[in-house]
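The next part holds the structures, each set out as structure tokens.
Look for subunit A in each of the two complexes below; its partner is subunit B in the first and subunit C in the second.
The block that comes next holds the complex of A and B.
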């Protein structure tokens, strides 16, 4: 009976929630149905052009589904979350910490520690009974993050996808300095010229990055099991192994590790839509697919701050301004909406 | 003689009043802008902390606007600030600027010393006139702070945040231009009344303590307006440092009003028992104080490489754990990407909001069913 009920429910028209995570390196999209199933996930490189990435990501989801999608809510996160909001019309625009925590505690109830390493930033989130208790993000140095790994893989002429496998093959990692990306690189070059095998050097690098993370990001926070490791770098089996070795605990990597932020924001969008009576903000498929988006910037001469004001346009219509400290430009467009939200 | 001084938040309002009272022509530096930062960064040692760079920018802009005398505070102790005035003077001399620098050393508890220093600054002013100038400046300072405190209270509560910001900024401008005690009094009251009349929402308001290094706390440009940002997210921010407390404790020896300084120092024990320079011990003490007053969280701010704050930060972890108050530390330097700062603040506020929401509704989220109530 139950399964029949479920089947019946699935036969009823489904509606969807879209989660978008625009990061420095990757742009991720998730299409979630109202039962919390992930129907579609897209992982793209941002390649310095978030507008294009958003458009392409959405187009991919749309073409794979091949039907009219009933999108009831949109959530955006990542450093490009405001841009994604303008282009798609988001119901929730949230920081990455919250998004990642929501997703991880939905997939791993009872999770205590989330290790998240992305392209430019890395964070640690400590939870208790499903509530975020404490978190930290890297501040000044990006040595332990995906960009650095990318760069080293390119230097060794190894595809980044295979980088982790190399590390795992190693029996004994070589000691590499982990405090600073520049030191790490010069150590690696030195060791490579001495003739150490590439596998051991890469494993050494993984261990160095883990030490860097624990010293700079985790900074003495109590890391307790269950531990979840997510973000783009979680693809690297070497880093996972190094974490397990250094922490002497088991580290779990969720299957959709690279789109956890997007999943979290889709869930937040669903939560928000369930609470609200107002119609959703989603601007519609055509808005994003058909429009020609252009951004331009100019220096505002209103005061000595000389803010660089960015203007986002769709065809000829101005969608948003930002970048001005006094909010003169920003408020010229969205002031009414803002007041309504409050 | 055309006098200038460095900016520190709204301190320019009372300082200007003081110098004017000493019959000096005052040329305050233009408000801290991107240009100020650029100038400061260009002519300062790279490893110096942000306050020195902003000071340098202020001085250069003020000299170019016609100032020929710089009044700068001195100091002593482990914080690098003690050398600032001298370093800045040498750099400006090397840039071939023609000026005179007057360094006011903190007299620490001898009021007569301060009066003498202030009097010697003025041209042909009697001791009585100097005294009157100090009193008027003190009055203005208190008026400014009254506005600041009310602004901190109303910003998280009102519906229209832009409007209340505008009221506050206009109020400050009016106080700055007022020449009479009566005018200051009236402008303050008008501004307070306007703030009180703003419609408020009934959503919960968090209380956040802002602790850390004095300059970063007082000069909002150097902290990227963290207080306003948190206020806009419905969090009421209480600072650990208000200018009048500092003047009272350090220049007037606690003479003019009741000081909580000793109490705060006591709070820092047993976590930090030594004076580590700057406001390191106060940071720890105030964090404990905020925790005991049931604040929701504490944000510590300081310029990058600030030694006293680094010492305090290393102790805050323990404080946070034992006193049960979430703490977050942020360091600032010249960067224009504000997103990173606001992401962290938003996440911090979000965490506290969800926590207090759950505590108030007594529900314990367990497992997947409650996955949306993080």
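The block that comes next holds the complex of A and C.
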């Protein structure tokens, strides 16, 4: 029966929704069909060049599918969501909180707590009946997020993918100060020079990060089951284990943990398209694949704020400006007489 | 005509109309520095002690700007207390001294001590002393001060209409200010006025929220009696003037059925905020609450993401027809 339904489904012409999550460390892409099935997922390192990452991610999806894709809607999220919007033409440009919450409650109906740890930020989202009731993000400090783990893995010469396995092998984590990334690092070096095994130090680091997360980000929030742990750091089994130990409850990691933001934005795009009669904003495959995208920046001398204005160009055409506090450059985009850097 | 400079920072947002009227009535020409911008911030960071908070650093930048304007005096009051039994953050007490130590091309400072914690006798004496720099007529000084207080009250009345203090001051000066736009969400916004109303420091928080379709409720627009009554419910009296106002405002907003959520803008490294923010976070039970921390970073992305997520949360919750949490616990 099941395969028959599947065959039937494939016989009907499908259309797709593209979800894009451009984060500080990774860029994620998801191609979802109209039934909510994830057809493709791509996880790339942003490597400091989001424009290139967006182009490459899209090209990968396209080459794997190998056919003309009928993309009806695009949703973008992550700190690079506006950039992705300019390059792809998005129907929904949403913050990460909403995107993650939408994806998690679709995959785990009834989820109460979402722990999300990404490259530069960490969040906690509290839901009730599928609706966000409360959330918090880390404040000014990025200690205890993915980039710090990355950096420590590089220092210990361990591939970040194996970091979690090392931690899980440990029998007893060493106490590491987790309050601040700099202190944690010197503490780790100190323990390492005293001769503690790397496994135990890494497990200690995982526990420290979890402590830091619970004391800072999740401070004062009631963490109730079911708990879902997602974001790039969810790949680290050591962190998951540490969370389970401290919270004394089960923590679930979704299979597509690293692309949950992208899934959420694809769902939001579908939701938006269903409500709207207007044609979608998607700029088309050729726009992204054929164009030569360039970004440049200049210091605007219009006032003492000296804003660093970013300009995104496709071939010779100016697509977007941002970074100006007064929006003088940004607003000129829709006018005939676009401001130009001389 | 003597030229007096007033930095466009810190208690400018609460008392500028008062001091401007006072000095103008005594025949002085009042010059204020320009609105905070990147230059003021850069200069301020260079000059100020590293451990102070961002608004104090920015203040240094403003004074530095005034130093280049050939002034006879710069007005830098030593604020200790502006109401009985309550105090301003201790950093403000040291501002004139910190400024003297950091800048060497300073014109003479008018560093009147404002301390009415026990009585206003010394303040009155100091007002006369400051006035005598400009005139020998004691009655003129008294008249000027009475007039100045009236003007300040008038400016506060403008702020009760939903304008920020910065907008109220612009209105008071006769400039055109747009009516605060109205939207579908009612958000209470709290924070020290000198960070919240300085568009550069707060990254335009209030205006951003209005653009996202929010009605912004500020403490200045609330009934002061209600604020004090709510603040008195805290077991130990909060003796910081602004801190108490914020605790009271937060608790009052928490009870009001028409407010959807509360945002608190804190400054990284602010002593009072570290306690007050915590108290508010614990005491606000019925509304969604979000604390934002700002510092020197100029990237606005983090702030925008949090504001968007906050508004999204409130709207999506309403879309589901769940409405708010019960307004009275």
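The definition used in the following text is that the second predicted complex is superposed on the first by the 325 of 342 C-alpha atoms of A that agree within 3 Å, B and C clash if a C-alpha of one lies under 4 Å from a C-alpha of the other, contacts with A are read in each partner's own complex, and residues count from 1 in each chain.
By our rule, a contact is a pair of C-beta atoms (placed from the backbone, for glycine too) under 8 Å apart; a residue touches a chain by one contact, two chains touch by 3 or more.
Bear in mind the structure is a predicted one, so any value in this text is a computation, not a measurement.
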| item | value |
| --- | --- |
| Combined model on subunit A: subunit C and subunit B, fit or clash | clash |
| Touching partner for A:134 - first (subunit B), second (subunit C), both, neither | both |
| Contacts of A:96 with subunit B and subunit C, given as first, second, both or neither | both |
| Touched partner set for A:305, first subunit B, second subunit C, both or neither | both |
| First, second, both or neither for A:331, with subunit B first and subunit C second | first |
| Touching partner for A:105 - first (subunit B), second (subunit C), both, neither | first |
| Touching partner for A:267 - first (subunit B), second (subunit C), both, neither | first |
| Touched subunit A residues, subunit B compared with subunit C | B |
| Which of subunit B and subunit C A:250 touches, first, second, both or neither | neither |
| Set of subunit A residues, in rising order, touched by both subunit B and subunit C | 79, 94-98, 121, 129-135, 137, 139-140, 220, 303-307 |
| Subunit A partner contacts - residues on subunit B that touch it in the complex | 30-31, 33-36, 159-162, 201, 304, 317, 320, 326, 330-331, 339-340, 343-344, 346-348, 350-351, 354-355, 358, 364-368, 370-374 |
| Complex interface listing, subunit C residues touching subunit A | 34, 37-40, 200, 204, 268, 281-282, 288, 290, 293, 295, 297, 301-302, 305-306, 308-309, 312-313, 316-317, 320, 322 |
| Residues of subunit A touching subunit B in the complex | 36, 79, 94-98, 101-102, 105-106, 109-110, 121, 129-135, 137, 139-140, 219-221, 267-268, 270-271, 274, 303-307, 327, 331, 335, 339, 342 |
| Partner subunit C, residues of subunit A touching it in the complex | 79, 94-98, 121, 129-137, 139-140, 220, 303-307, 325 |
